[in-house]
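Below is one structure, written out as structure tokens, with a few remarks after it.
Just so it is clear, A, B, C, D, E, F, G, H, I, J, K and L label the chains in written order, and each chain counts residues from 1 on its own.
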Amino acid sequence: MRVLVLHGPNLNLLGRREPEIYGRVTLAEIDATLERAAGRLGVELRCLQRNGEGEMVDAVQEALGWADGIVVNPAAYSHTSVALRDALAAVDIPVIEVHLTNPAAREDFRHRDLIAGVCRAVVAGFGPAGYVLALERLAEARGGGEAAR
Amino acid sequence: MRVLVLHGPNLNLLGRREPEIYGRVTLAEIDATLERAAGRLGVELRCLQRNGEGEMVDAVQEALGWADGIVVNPAAYSHTSVALRDALAAVDIPVIEVHLTNPAAREDFRHRDLIAGVCRAVVAGFGPAGYVLALERLAEARGGGEAAR
Amino acid sequence: MRVLVLHGPNLNLLGRREPEIYGRVTLAEIDATLERAAGRLGVELRCLQRNGEGEMVDAVQEALGWADGIVVNPAAYSHTSVALRDALAAVDIPVIEVHLTNPAAREDFRHRDLIAGVCRAVVAGFGPAGYVLALERLAEARGGGEAAR
Amino acid sequence: MRVLVLHGPNLNLLGRREPEIYGRVTLAEIDATLERAAGRLGVELRCLQRNGEGEMVDAVQEALGWADGIVVNPAAYSHTSVALRDALAAVDIPVIEVHLTNPAAREDFRHRDLIAGVCRAVVAGFGPAGYVLALERLAEARGGGEAAR
Amino acid sequence: MRVLVLHGPNLNLLGRREPEIYGRVTLAEIDATLERAAGRLGVELRCLQRNGEGEMVDAVQEALGWADGIVVNPAAYSHTSVALRDALAAVDIPVIEVHLTNPAAREDFRHRDLIAGVCRAVVAGFGPAGYVLALERLAEARGGGEAAR
Amino acid sequence: MRVLVLHGPNLNLLGRREPEIYGRVTLAEIDATLERAAGRLGVELRCLQRNGEGEMVDAVQEALGWADGIVVNPAAYSHTSVALRDALAAVDIPVIEVHLTNPAAREDFRHRDLIAGVCRAVVAGFGPAGYVLALERLAEARGGGEAAR
Amino acid sequence: MRVLVLHGPNLNLLGRREPEIYGRVTLAEIDATLERAAGRLGVELRCLQRNGEGEMVDAVQEALGWADGIVVNPAAYSHTSVALRDALAAVDIPVIEVHLTNPAAREDFRHRDLIAGVCRAVVAGFGPAGYVLALERLAEARGGGEAAR
Amino acid sequence: MRVLVLHGPNLNLLGRREPEIYGRVTLAEIDATLERAAGRLGVELRCLQRNGEGEMVDAVQEALGWADGIVVNPAAYSHTSVALRDALAAVDIPVIEVHLTNPAAREDFRHRDLIAGVCRAVVAGFGPAGYVLALERLAEARGGGEAAR
Amino acid sequence: MRVLVLHGPNLNLLGRREPEIYGRVTLAEIDATLERAAGRLGVELRCLQRNGEGEMVDAVQEALGWADGIVVNPAAYSHTSVALRDALAAVDIPVIEVHLTNPAAREDFRHRDLIAGVCRAVVAGFGPAGYVLALERLAEARGGGEAAR
Amino acid sequence: MRVLVLHGPNLNLLGRREPEIYGRVTLAEIDATLERAAGRLGVELRCLQRNGEGEMVDAVQEALGWADGIVVNPAAYSHTSVALRDALAAVDIPVIEVHLTNPAAREDFRHRDLIAGVCRAVVAGFGPAGYVLALERLAEARGGGEAAR
Amino acid sequence: MRVLVLHGPNLNLLGRREPEIYGRVTLAEIDATLERAAGRLGVELRCLQRNGEGEMVDAVQEALGWADGIVVNPAAYSHTSVALRDALAAVDIPVIEVHLTNPAAREDFRHRDLIAGVCRAVVAGFGPAGYVLALERLAEARGGGEAAR
Amino acid sequence: MRVLVLHGPNLNLLGRREPEIYGRVTLAEIDATLERAAGRLGVELRCLQRNGEGEMVDAVQEALGWADGIVVNPAAYSHTSVALRDALAAVDIPVIEVHLTNPAAREDFRHRDLIAGVCRAVVAGFGPAGYVLALERLAEARGGGEAAR
């Protein structure tokens, strides 16, 4: 099984950006943890971070024919991007959305989520552990389409 | 550590209710799985299902002084209950919200969530496994307030 | 054929409550009329009145495996209850909604009806006779699923 | 007693138009059934179908001085016509609104009903039988203004 | 004169629940103060607290034929309950609404009040003293319908 | 100078329709008064009443090449007709809108006026006299385009 | 008969202010024309212009006990002043609202009119002549309350 | 192949009506051009223009059993007519919607299009040529249902 | 202790203005009652009534350095004045808002209250007695900042 | 004549992406068809596809000084991009917008089109043929600015 | 060159009012700084502060024929005053709007600005220095209408 | 001191793009003027222009550890980009927003500004001079955090 992990805009600043909101773990540490989990689950991983909407669309498209699952943290694009939604719908690969924090408890403009509607599941507010949960969920579901629903 | 697992209205019909949406697992089976996970994590569990808004408020209040964490699937009350929100805010115990399906991909009136704003985390669309993830998250965080944020 | 007749909150006050709006017939008289109609139609009846949202959900669930049809006057819960809607959708029994008055000619907050969307038919403003019409409709449709649509 | 039965736009296509939604009964058959019921009830009937908003207004006005009741299925004009509403209010004859299907379970733009606010009662989703129910209701109420309320 | 004092959901937690918002006085202490005021005013009191919407409706209905006035703090149900509004309107007893805090200075979803429209008066932000003011107001008005308006 | 006076739907019922709102003057009496005023002003008049939206559009179009001014009371179509607005804009003849009553003091759905935006002036709540005022205004303005603005 | 003519903010600039919108007639000329009309109608007039909301309220209050009618052009306060509305409602004198232009054909924030709901009639877009029409209307109605409705 | 070309309200004024918006081509010229294109494509044509909503519904219904395609320019009824939408849905003939101008660049009330949702395609802003494009599109698709989608 | 009592626009008409809504007590009588209460409580009072928004702002500012509390009935400005809100926030003196009637039971445009958000408490619908309650509340709280919250 | 054909995000997936919605033709095939049409029309073509909003802006800017027309399918950016709108407005080259499907018949968030307001025409739901129509339209209009309007 | 500097409601409290928001500089100090800048720029200055909406309108009108520029800080009236907007539009003098803080980062009701639409420029969040910038901008532009745009 | 000047999409077209709106100064000239001002102020400058949202995010992130201030003209992204807002919030460097024109006087979709909420100040409508004002403001504030607030 092969999974694309796609981090959205400003997540490369993790650990430095507003640590009282996002914590002190860096993106490199999250990716390392994910690699260990992937090893344990027999999953091949590709971890990417992109600041641009078009670049995220590119990354999703490149997963076509390679990936069996996508873990995406769309960050700010959760709230504004129809293009990313279209890309995720187009490639027809199971997607799970991850948010480090719980956007429902933040500013109003973070309450609309254009991406969730094309995802199998959403996990928010679990911190970095959310990524691992999403990965495990995809791995588990690999045996049967029904299970991943 | 002691955790209240609180299932909202109509969840007692699980397995029989619209299985093409909610799957074929029953609530008893979910509770059994949770008990096994609780055993593994050294957590004491109390599992309740309530159809009434006031009864859910009662259940949350009774957790006061006993529980160190709450896993709640508010079901329909996610979208209409200020009383449940107030109860969860009042008892000041870490709460994680679980949805079997992903409400963002369903009817419009399921897109407003009055409960999420007083929760530490939300997990939606993981099916029955979402309960276990929530339980593990609470157990993990038990050591330090910061981790549960 | 077996039919649950479920009266919502405050309907137990019928005859005493704002008679200039709701008339002078009591709930007991309505139930008696319904029993006579049921006798004529060869239908077994169970008539309940509940003030609580959760209690109405309970009543709907208890109809599962017993009733072949439900006549419901959700009263105030027409406008606020997703839980009752979910219960009616879950049990998958033909439902007809009855209102004594015509809510379209009353306050704005009575114009939104969360229940109608899961009902086969709606009858409003026929006074107590609306219940009998609903009952007859269910009895008629008993022969064929198509007819009840 | 004399009653105007007024069918709105496109109802002349009944039986041919989207039978999976509207059934296979034709308008002529509905009118025949209504004539039989009228005979039984001692009611004189006039059945009209109109596609135009202004023509429906004309038909309502022509009922003035002749009809003691109106059964109207405004079809599409339920959602858009203030003129029909004004006509029904102006003639001051008891009106009952009929819908073959249940608009609450259809598209959003069918949820606003400008006509219901000037009607004594509404019956929706009873199929062709809804017309007979409305006719009976008017006949019943003929003895006393109070009963028709 | 007889007055029902009805406390809504979560008010039984007073003194323990978010004291920085609601203060440290308990519900028992409030009721004791009210009893003393009632003694002074020659008013017979019944003090109840309910967490359920249906239970609050029950309590209001049971006041019928006994109470000459109602003091209600609907708490969370202020913002969501048509059923409680209907009950208060149905019993036709003078009602005064009390809020410990000033909801206008709190979250947006606390700004809509479905109950106020059927009350004679509203007092908000006076803390526990608001209950006494409401009681005194009802007692004063007992002599003349006009005064209580 | 030639002026079209165009009365909208249900105005033919004037004097009979809800006299407590619209008064007891009939449309024939209004037209007679207008003819007298027209005689005094040296204006040729054509008075029409139409119940249909398309018929009103027809009447406006037929004014093209004949009329130098239009006095229109669009009645219900004020609130719903883009077609009438388009017709009035298309013929490019000065138009004045008349309402017998003051819609701003009536139901909400009468507060949107699609027609006023293509009129030179609006007179509302002057009763039948409003027609004469509109006619006089058009007659006065006939000398100069500027004056009719 | 005595009539207060009350001009709102910025109307003292008439003739100088945006003449392409408001024309070249000054307020003094309008008042002179009104005085002539008043002489002809046997009406005593008081003409005031005020820029302040509170000053307009004062002027309306001072009319109490003196005026039998008010002609008001609230200008900008049409769209923002509840205080002026309250004053006009409080003095209970027949009021007619005048606008030089037709606000329905201008910016969106001029489409809400808080004043019209307490007026007997509205005349808009007749330019300075609108004031005379309003005055004549009040004079005509002086004989009978019914006529002024 | 037989195609109904249906022009909506005010289109009979083309060439005369606001030529700076709609150009100088008349409806007769458009129909002549369409006849030539129809000849080339081997399509039989019927061209109608209607000002009334009901008349447009009539025209659509009369196409039933005769036409294999409909080209409609609903003009103002695009924005207000559920009846026309229902008629087009009822006859179940492929429809293409044409607008001479681009409504997206005009007034707000032209942005809602009730008709587009039941059409195979929409062409706007191509001027008279848009009709020919629509006709060619229908002709092309005649061979296969799939192509016309 | 020194308290400013500030009455808003049109309150000087009390007793004469719409007595069926506001009662027959005059403002002078209210102020006399307040003076007696102030004497009893050892509070020095200044009672002002203002019709202008700016004048109310002036009055609030002049309280700076003199008053220890403000009782304000903003009347119409409750719904429209940011300036008054800013003034009350600026002077940082405890404020209590009084309404004679219960605005929640009146017109829609009285449901938005811009002032309540900067007040310690609100009392509405108690009639003139509301002023005394507010005064007593301020006097009571004088001993401790906490109590006045 | 030189024309830029600019395909927006995810259109490079055509033929593979949701073929039940978008059909089986690839973007390469569309471009080949366009090249043939361009040859026939004597038009020089440049076909580009971009996934990024900024890259689409770049492509539009690079057309400045080279292209005489732009055919754009903005895909998802139709609904979210002010930057693309600004770019198209800035270069002042005639633009025609193409959509393969008819967005009016799809999700709500596809109903707002920020781009159409700066285009000469829009063609939607014609499938790949829409591009050719747009190209022909631009070629035709090349002779005269008026024609392209 | 002559410039009116007009300070809106509550700005006379500067230095005392919420210093954590507005700083400790007084209005007198701001005016003194402005006078020095005016001396340097050869500009004659008039500095006024007004709490009333009508008084601000008066001040703007009095600038007519004297001032060549206006610097206005409308404070609370930015969000509510159509009258001030009309006055500024009427006098047709270049206006620049100043805010000490950045309202975009404050409460929702401060996000609507009715004044900005009639100003040449806006400067917000520069503290007292914003006034000087506005003055310099007006002085610079004095040479040429174009520059002040 | 080091300052990043970041120009958003389409600003590279300045001088060529709609000069009647944006003037004839080019971006190179603006940057040259800024360099001169920077020299005078002892500020080191980096001037960038980006068309892509992600590229603007990149540019902001690269300022981290280098810049002490940011001057940003987000152009179209002011109205649509949460990602740019997040980036500016994340780097925690003082930011001032510049607009050449005054968006409040332009189209509706330019009235929402997602960026202003994370800026210290905003200057709009000063043309190119706005950049210099922003730069001077940052330079001035360099001495003290308080001053830059």
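Note that in this section contacts are C-beta pairs under 8 Å (C-beta built on N, C-alpha and C of every residue); 3 or more make two chains touch, one makes a residue touch a chain.
Note that the coordinates shown come from a computational prediction; the quantities given were computed from them, not determined experimentally.
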item	value
Starting at subunit A, fewest touch steps before arriving at subunit G	3
Shared chain contacts [subunit J and subunit L, defined touch]	A
Chain copies touching (subunit B, subunit C) - same or different residues, decided at half shared	different
Superposition of subunit E upon subunit J: rotation angle, C-alpha, nearest 5 degrees	180
Reference interface J-L: repeating pair among F-G, A-B or B-C with over half of contacts shared	B-C
Length of the line joining the C-alpha centres of subunit B and subunit J, rounded to whole Å	48
Centroid spacing, where centroids are CA-atom means, of subunit E and subunit H in whole angstrom	62
Residues of subunit B engaged with two or more neighbouring chains	52-55, 80
Contact pairs between chains, per stated definition	A-B, A-J, A-L, B-C, B-E, C-D, C-E, D-F, D-H, E-I, F-G, F-H, G-I, G-K, H-J, I-K, J-L, K-L
Subunit L contact footprint on subunit J (complex, rising order)	52-55, 57-58, 61, 64, 80-83, 85-87, 89-92, 114
Subunit H - residues contacting subunit F, complex	8-10, 12-13, 16-18, 50-55, 75-77, 79-80, 109-110
Complex contacts: residues of subunit F adjacent to subunit G	23, 96, 102, 104-105, 113, 116-127, 129-130, 133, 137, 140, 147, 149
